[in-house]
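Here the chain labels run A, B and C in written order, and each chain numbers its own residues starting at 1.
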Amino acid sequence: MSISLDSKSPTGPLAQRWDKHKFDLKLVNPANKRKFKVIVVGTGLAGGSASATLAELGYDVHAFCFQDSPRRAHSIAAQGGINAAKNYQNDGDSVYRLFYDTIKGGDYRARESNVYRLAQVSTSIIDQCVAQGVPFAREYGGNLSNRSFGGAQVSRTFYARGQTGQQLLLGAYSALSRQIGLGSVKMHYRSEMLDLVMVNGHARGIVTRDLVSGKIETWAADAVVLATGGYGNLFFLSTNAIGSNVTATWRAHKRGALFANPCYTQIHPTCIPVSGDHQSKLTLMSESLRNDGRVWVPKNKEDVAKDPRQIPEEKRDYYLERIYPSFGNLVPRDIASRAAKRMCDEGKGVGPGGLGVYLDFSDAIKRIGKAAVADRYGNLFEMYQRITDESPYEVPMRIYPAVHYTMGGLWVDYNLMSNLPGLHVIGEANFSDHGANRLGASALMQGLADGYFVLPYTIGHYLATSGQKKVTGDEPEFKAAADDVKKRVSSLLSIKGKRSPTSFHRELGKLIWDNAGMARNAKGLQAALDRIPSLREEFWGNLNVLGDGDSYNVALEKAGRVADFMEFAELFCTDALQREESCGGHFREEYQSESGEAERNDDQFTYVAAWNYTGNYGKPELIKEPLIFDEVHLSTRSYK
Amino acid sequence: MEDGISPPAPGVGKVVSRVHGSTIGQKAVMAVSGILLIAFSFGHMVGHLQMFLGAEKYNAYAHFLQSMGPIKWAIRFGLLGLAGLHIFSAAQLTMRNNAARPIAYANNKWLAASLGAKTMRVSGGIVLFFILYHLLHFTVLLVGTAGFSGENTFPLSQTRLLNGVAVPVFVDNVFQRMVVSFQNPALALGYVAGVGLLSLHLSHGIQSALQTLGALNSTYRPFFKKVGPALAGLLFAGFAVVPLAVLAHVIDLPK
Amino acid sequence: MNLTLKIWRQKDKATPGKFETYKADDISPDMSFLEMLDVVSERAQQNGQEPCAFDHDCREGICGMCSLVINGVPHGPEAATTTCQLHMRKFKDGDVIVIEPWRAAAFPVLRDLVVDRSAFDRIQQKGGFVSINTGGTPDGNALPISKKEADLAMDAASCIGCGACVAACKNASAMLFVAAKVSQYAHLPQGQAERSRRVLAMMEQHDAEGFGSCTNFGECEAVCPKEISVRVIAEMNRDYLRATLVGTDA
């Protein structure tokens, strides 16, 4: 059975598509909204804002998070800022420019209609957050402050010190808290979604495990929204929170939801390098550091072990400024990351294992003074020093790229609904807006756009038109799904082998990083695809999870997530292998120019790769959604 | 918070229940009563210092206080009421606070609390007993009165007309009672220790009260962190100097 | 380096807990404190012991999930640092480290070092917001806010809700947490309409949850990983008393 994909993208003039589409959407009678129950899984920027807004509209919302509070969601860790086409700086920004930058930044692998809508609603997000009391940075005159960020040539990024994600999340959390207090949202803390329940071809509920009591429960609703974030922790080491996982989206995929572009992974260029085998995560340093820091490596391999302060100017290679003179240190993330990798591959990397490049502030300190540098980056410098024990005021920072964000996710149409009717996917969990690479300060924008200003309209259309009977949770589908989950939990507990879930996760992550990381090739991907099934087999034969399923069991939680990564890894590599081009965060070594730049293959690969689960992880079915560009001309991204 | 209806203005009963029924309200009661008691203490201290001016001045001052009649009783009941409120709120908060941490830490380290802060309950409790003794001793004349002069035994130089004849005004010789008492080293040192604990209590109490009442900000807080203990020290010095001066015979009965 | 750990173990809310001693050998000074615990847990698991549960997530000092009272100090010996950002180089070879959960009646232990901090959520639900719905808001620049006030609001808003203030307070008071939220809105024009109701409602919930009263000791400020000043508590006290005595929207 093959699926045909309808993106439901509106046609007509780009600028009017969203308005026209909103008009075409059916509305739910206000008096009837209370009768519709919506499950929202995940309470980050997307899930939190959606839950609050849906409840304000009158829907009966049940929200779930695996953390102890919605305020912990990993959106909180975003540092740099949020883009919006306000043009407050009068520097030529516009909705169209933000749209264009985002499409181009994504290497022309996103839908025009979606991206344009994102740019359009970006301005409302700022207004909304200001009204909530989000303390954005201000100028002395009282107006909102902006900075330029991550490859943009206009100042359109709004920020709250280095804690923009935190402040936006707390804004959404405050709106959500208000609704919980009013009784319009029922919040389920420390509850992990472990399966999706399909009834009559529609997504009608979920199965959760209460992480404290271990109780497996089912929940019935009229629609399900997944806002469960990205899958960067496939790599074990990433900038994601330790708990971030693919489980919710993967279980939905196994129930029939298509997974789109899984191989699009963003590698963030400015992270603190790995210091040893004990490392549990990588820490990102805000990209804003590149506004004043200069990236370099020694020109000569012999100098890599030297104290960087002893290396004279003429023996330093400021390679970003050399290769990309017009953008210099501010090239987009994928470009900066790959350039760092290339330098390290050439043996010029610094620090442990030669996996690092310098980010040097000595010129900035000379130019604007230590106090001004401290004012801009003081908190980041402190964080760096806490971790590495080195002061960036004295010694250049060492940075290295790390897995940060995943552009791929469950396939959704223009209404943010997956191919499974009723299952909506928002935020990083979907694939929709960033194409093959996400620009800095765009993740917060997309999460909030989806939650505040898109889903609340589109889900109403589904609810008004789905024509499904009410479900109570007593249907056999619910019991069957819960039984599946229980069986899986008990099988994880019954293996009683030798290895911990973490040791498997670490091994899987290294395999994926080595073969499908910043640069990929067919041979490596095939090697990974050959190895994953045997590793998975070992996992299911030699896993050791102590304790029982009826209590708080951290190893069991972890084991379930690793088990899903073990399955998902194969899809990830399969997608990377089939995409025989380099685009955005996906760099195939076979497809590069002589100077090492990515080479797209627009003739053959201007499509979304949406994968259908066939029961065989290694042989998923590829369904293509062609990308049609009415507005922009596909060009080679050049930042030279 | 959004019932859509504007609630009626809170009645006085509501205000009282909010003050009494909340942690901030009870702290505020402690702060206000504490500050008034501190103000009284300073007045009391200044009065005491008149011991250095000799028996005549001191006894006249004491007589003036005694002669205030209903005002005297109003002040006495007022002070008792303030102390009662202070202690009542402290007791209620203490019970609440003990319940807030049922299991203590095996290992506990203080980072910021001063000695005065850490000993508030102990110093407050001992000061209570000190004051009770002090009242029984000098006001009610129930304990430690051996050697005390009788009533109205001190002739002031001031006279009054009795049947057209100028006669001296006889008042209580409080000066003598003080000196007799503080010539006993145990009583003198006990008194010094008592006001010492009071001062320790106030070294935290003054700034704490101001913080509770919201009077401190980033400018005043560091200031009062110094001024609070300084005022407490001043109070200690003012009170302690009298018994010490008696012990050292700087203040003595007229020969 | 080699360390001895005394870790609080507790099966669940109802079962009393106790300390157990673990050897932590060959610990690298570059490890974070939680990575050290990862290693110890991993080794314990090899020996058939269930890994110790502790809350953690982002491991970059912002989510507020990690806790732990380390040698008597919430978040350990380094100032302005969460447990996840604390590194082992702050300890010496041979150290004995006592690790306890946050202790407060309002934060019951769920397992080992994990406590239930949902009391914070319930306080927030009483008034830690501006009552506006999505949409229909004025332009972001329609309301000028002085940089100074915006900065003061941001200072307070940087609270990560970890609960170290409660853990450090002799009275297990959550005043610093509540005051940070109250102060953020008090410094912004958006927060004025509900200023009195907010502070009364949030403090009412604070007291109902069983937190103690403020000591004014400043221990909370000393352990706060975001260095939130007790200035905010004075501000909240002022607001609370004003709302109680003369509040018109109370």
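Criterion: a residue touches a chain if its C-beta (ideal position, glycine included) is under 8 Å from a C-beta of that chain, and two chains touch if they have at least 3 such contacts.
The structure presented is a predicted model; accordingly, all values stated were derived computationally and were not measured.
> Can you name the chain that lies farthest from subunit C, using the mean of each chain's Cα atoms as its centre?
So the farthest one, by centre of C-alpha atoms, is B.
> If you average the Cα atoms of each chain, whose average lands nearest the overall Cα average?
C
> Any chance you could check whether B-C or A-C wins on number of contacting C-beta pairs?
A-C
> Counting only Cα atoms for the centres, state how far subunit A is from subunit B in Å.
Centre-to-centre distance between subunit A and subunit B: 64 Å.
> Report the inter-chain centroid distance for subunit B and subunit C in whole angstrom, where each centroid is the mean of the CA atoms.
Computed value for the inter-centroid distance: 38 Å.
> What whole-number Å value describes the gap between the mean CA coordinates of subunit A and subunit C?
From the centre of subunit A to the centre of subunit C is 27 Å.
> Going by the touch rule set out above, which residues of subunit B reach two or more other chains?
1-2
> Which subunit C residues reach two or more other chains?
Within subunit C, the residues that touch at least two other chains are 126, 131.
> Could you pull out the residues of subunit A that touch at least 2 other chains?
Correct list: 181.
> If you look only at subunit C, which of its residues touch subunit A in the complex?
Contacts found on subunit C: 11-12, 28, 30-32, 34-36, 38-39, 42, 45-46, 48-51, 53, 55-65, 78, 80-81, 85, 87, 89, 110-111, 114, 116-118, 120-121, 124-126, 128-135, 137-141, 143-147, 150-151, 153-154, 157-158, 160-161, 184-185, 188, 190-191.
> Could you please specify the touching residues of subunit A with respect to subunit C in the complex?
By the definition above, subunit A touches subunit C via 49, 52-53, 56, 67-74, 76-77, 86, 88, 124, 126-144, 158, 160-161, 163, 165-167, 170, 173-175, 177-178, 180-181, 187, 189, 212, 239, 241-243, 275-276, 278-281, 283-284, 382-383, 386-387, 389, 452-453, 456, 500, 502-503, 544, 546-547, 551-555.
> Quick one: which bits of subunit C touch subunit B in the complex? Just the residue numbers, please.
6, 19, 69, 71-73, 98, 100, 103-106, 126-127, 131, 168, 170-173, 175, 194, 197-198, 200-201, 203-204, 206-207, 210-219, 221-223, 229-231, 233-241, 244-245, 247-248, 250
> Residue numbers of subunit B touching subunit C in their complex, please.
1-2, 7, 9-10, 15, 18-19, 21-28, 93, 96-97, 99-114, 117-118, 204, 207-208, 211-218, 221
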